[in-house]
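The following blocks contain the structures, represented as structure tokens.
One chain, subunit A, links the two complexes that follow: it is found with subunit B in the first and with subunit C in the second.
Then we have the complex of A and B:
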């Protein structure tokens, strides 16, 4: 509850700041301060309970998993604001409003980690999405940004329609919006699985797959990630995607068990996973722009995160925590450097190592983590996802497919590393401050820390 | 045949005729006008079900706001002349599949309707759709989603300002 209320309040605070404070440089400090406050509030709630005593009528249920996920999202956002806050100021003329929207997105994200009815799921998804449509279109003079925003809005609205239809059908089948309905409580003691409920859940599967950009519902992702200002792409690809996955996992954990007699969910999800991995990885290989490559790679990474929804066990939950952290850290790091580059094609990175060794080294570590090389956080993230699949005991061939595609992904990540270290060129970057470099080194250090000691993160979950 | 039954059949006939005319009329403006007829008939059904709030909201939102929006779009885009749109095979196939899926749902509902009527329909004493009941539920049981949706509207408002304002 703390994270939901405080982030909504801080969003409003920033709206007032845009009226009261004219100096644009101040906003990102206020945003960072707000994130610290929310982070502290959320950690307090994890161990001692919420500041606010509100009867939610079981509409929200705050589990340890959800609260810990909030902590990860908030910490990632803090890092994002510290690293790229200065670039938010360059994205457009309404700096304080952009930060406001980021805080509203966080409010939606913390609803998604704690919802207990489909009603809250819907509100959470909408609060998460609508600010993103605006952030995507924030570069108003840029046609590509406009196109991306319109495309995202139309497709997002359509998927929201499917989500709502699914919720309505589930309600029709079970007579309740609650996430977990005791079978005995369903209207009139109907014994079997209702056709309506299953159809509704299929609709929900489609809508959630759209939100996490899993194939074949990924078509918006490359255009939107490419067209949006890079600084907001970074936010969308990390924090927002992780929050959507938390909701996906929560929804299916509660509902799949009852309906598995009617639908083979594992088969459906394995089809989605394989096509996501295939399309994401293979298309990323052919990209010329690093930004677009990262968009496809984020589809491929979504394929890996879907293993958590596929296996639905304790290892998968731990794995999703680890994966969300590893992926967010690495992607925020790579994007922070990408935003500073004058030229975002692969050629633009030529010879960066000679010109700016710190940037090149930290980018390399982040890219290695994305590829899942041992000694980086990405390795253990992928490892725990795959061990979750093995623990389910079925569909073990998926592991082989996933490892093969992870090998493919190494190709396009290493292309960037190769460009930075082994190619002659004159990589143009904007001015980078000393503080930025220190933060980048901190990100890289965290990536390596969680790669050597993943328990350092997971112990907090059980502590 | 009681007055209620007579009204039910009348409204159903109006709604179905309207819906068919929406699809059948060549002129988009006529389609929109027929759609308004459909909405009015359905609002009548809501009143018969004692769901006054739903009836009024249906009129205000659909017959009022959304229809005006439709008409504006049609007139601004100058679609009121009859244009025969080119339909390719893919679109037809997609339409058949999605229509078929909806039809499947309808069949399933109709099949289990005898069972459902005994459990869901509130005859004669249904007060669930009255504004008083709705208000009570909204401000007690559903107060959290009600309050949280204000964040949603706030972000939409911020967005309208950010996108719409002149630089």
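Then we have the complex of A and C:
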């Protein structure tokens, strides 16, 4: 509750700041302060309860998992603002508004981690998405940014339509918007699984797959990620995606059990996972721009995160927490460096290690984490996803496929490392401050900390 | 405490080495670190067993992984090999100049830490950690300081091994789920009950990972290129110590865990090994490059060791233990000679060399010792090991042993051919003004030569050291 309310309030505060404070450099400090406040509020709620006592009529339910997920999202956003806040100022003319929109996205995200009715799911997704359409188009004199925003908006609107239809059909089938409907309470005393409910859930599957950019509903991702200003791509690829996954997991955890007699969800999801891994990884191999490569890599990583939705057990839940953390940390780190590069193709990274060893070393650690090499957080993230699937006892072939694609992913991540370390070149970067470097080192240190001792993160969760 | 020190000394000194600016400082630092590790390792090998009992600490309680290190005979022997190799390599390449020396020696020391960890870990997840950690420094070392085609070649090496390791990881996760107490401990893996079908699948998942590392035919294609393109100091470690990871892992993690699958496939694996032995020996004869010749010769030797492991005879296994150590020091000796020639003359091609013995008699004598060891002539250390391995193979299958035996002749052909082409005959343009190699190279080679002869006459210490592991493995399988 704290996160939802405070982030909405802080968004409004920032909006007024744009009128009252003319110095653009101040906004990011206000944003960082706001994130600290919300983070503190959320942690307080996790252990001691909310500041606000509002009866939500069971439309929202604040579980330990959801609150902890909020903490991860907020901490990642804080890190993001600290690392790339300066670059938000360069994205366009309306700096305070951009930060405002980021806070509104967070508001949507924290609804998604706590929704208990399908209506709140819909509202959460919309609050999350609409600011993103604007952020994508924030570089308004750039045609590609415009195109990306329009594409994202049209496709997003379309998927919202499907989401709504799904919700309506589920309502038709069960007579309730609640996430979990006891079978006995279904209208007319019908004990089986109704056709409408199943169809509705299939629609929801499609809509959620769209939001997490799983194939074959991923087509918007590369263009939008590539066209949007890099600083917002970083935000979309990490925090937003993680929030969408939390919602996806929550929705399916509640619904799959009842309807598995009618639909083989595991089969459907395995098809989605394999095609996501295939398209994401194979296409990423052929990219010439690191930014576009990262867009495809985010599709590929989504394939791995879908294993949590696939296996739906305790290991999967913990795994998603780890994966969201590991993936967000590493991607924010890589993007923070990418934003500073003058040339975002692979050639643009040539010789970075000689010019700026700190940037190269931290990027390397983040890339190793994305590839899932031991001693980095990414390893345990992938490890727990694979364990979760093996634990289900079925579809063991799926992990073999996943592992082979993990090997493919090493190819394109290592291309960046090769460019930075082993190729001759003159990598041009914008000016980098000492504080930025310190933060990058902190990110790398966290990646390694969670890679040696992932328990450090999970202990918090269980505390 | 000793196992922890063996990993910690190189790891910490390695990380610090990144910040050493000058070449001289980095070299001295690395040498001091390597000697310190050697002292600890020798202490660990020599003292009574109870004093170096393993370490067992909590690591990831929720997953059932523990930080467990233990030192049985085989682990001691391989730790000793690792500890001996690094000072020798640093000593022999002391005069070589590397770009960014601090990072070079840092990565070398981290590689040593990874290797030590692989040999010491007795928790599967920890083992996997170190298995990969040994790979990453090697990747950077070869790609940064190697030859012309280094980037592509090293990447091939990396991808091969990475695919193998991932398959192994799947196997580990699966086995973890099957253990009684959901742990990764070696003993838990030993006592897990598996059906034959499960064993077969898991056998291949593990075997491919190890076969790539060793390498066994037909998984060897990365190896000659990688050895050729890597900086020679790294090649020494790759072929002297790193390939032992594969052999070690088969003995520790494969044979005792999947005995039925091993019994089913031992014939096939030995056949692959024998093909590899002959194939690589024949190719070695045709090589024109010293490094490539040694690389192919190494595939042959490793193939024989792998065959002897799968033959499952006590004497053969004992021979493998002896030979793992001996092959390590012999091949490092050969690489040192190759490096000395390349550093001085700037070429490794036989066609551009000749008559070097007139100019560098000291080097020539030492090379001949190394060459004899490579052919496994009696009185050299390799004779003992190869004799025992052939003995084991012979007991398993006469025909296999006979065919593999041809490689002894082929080894003599290519090794003596190399000696002849490089050192005898008349001098050519490249060797006209050659001088004898420097003191440090000769010193290291002399130490190796003494070691080769001592272990050739009196191999008992190695046999005794590793006897417990051999007994344990053999009883586990039969």
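Convention: the second predicted complex is superposed on the first by the 463 of 463 C-alpha atoms of A that agree within 3 Å, B and C clash if a C-alpha of one lies under 4 Å from a C-alpha of the other, contacts with A are read in each partner's own complex, and residues count from 1 in each chain.
By definition in this document, a residue touches a chain if its C-beta (ideal position, glycine included) is under 8 Å from a C-beta of that chain, and two chains touch if they have at least 3 such contacts.
Computed from a prediction, not measured in an experiment: that's the story for all the values here.
**Q** Regarding the shared-chain residue A:104, is it in contact with subunit B (first), subunit C (second), both, or neither?
**A** first
**Q** In the overlaid three-chain picture, which partner chain does A:12 touch, first (subunit B) or second (subunit C), both, or neither?
**A** Touch partner of A:12: subunit B, not subunit C.
**Q** Considering only the touch criterion stated at the top, classify A:387 as touching first (subunit B), second (subunit C), both, or neither.
**A** A:387 contacts subunit C only, not subunit B.
**Q** Have a look and say if subunit B or subunit C is in touch with more residues of subunit A.
**A** Here the partner covering more residues of subunit A is B.
**Q** Scan A:33 for contacts with subunit B and subunit C and give back first, second, both or neither.
**A** The answer is neither, since A:33 touches no partner chain.
**Q** Thinking of the overlay built on chain A, is A:143 touched by subunit B (first), by subunit C (second), by both, or by neither?
**A** A:143 sits against neither subunit B nor subunit C.
**Q** Determine, under the contact definition given at the top, whether A:373 touches first (subunit B), second (subunit C), both, or neither.
**A** The answer is second: A:373 touches subunit C but not subunit B.
**Q** For A:455, using the defined touch cut-off, is the partner it touches subunit B, subunit C, both, or neither? Pick first, second, both or neither.
**A** second
**Q** Where on subunit A do subunit B and subunit C both make contact?
**A** No residue sits in both footprints.
**Q** Name, in rising order, each residue of subunit B that touches subunit A in their complex.
**A** Residues 105, 108-109, 112, 115, 118-120, 140-145, 148-149, 151-152, 154-156, 158-159, 161-163, 165, 167.
**Q** Using the touch rule from the top, collect the residues of subunit A that touch subunit C in their complex.
**A** Per the touch definition, subunit A meets subunit C at residues 318, 368, 373-375, 383, 386-387, 390-391, 396, 399-400, 403-404, 406-407, 410-411, 414, 418, 421-423, 453-455, 458.
**Q** Provide the residue numbers of subunit A that touch subunit B in the complex, in ascending order.
**A** 4, 8, 11-12, 15, 54, 56-57, 59-60, 92-94, 97-98, 100-101, 104, 107-108, 111, 117, 119-120, 123, 126-127, 130-131, 133-134, 137-138, 140, 169, 172, 187-188, 190, 195-196, 199
**Q** Using the touch rule from the top, collect the residues of subunit C that touch subunit A in their complex.
**A** Those in contact with subunit A are residues 59-63, 128-129, 132-133, 136, 140, 143-144, 150-151, 155, 158-159, 162-163, 166-167, 169-170, 173-174, 176-177.
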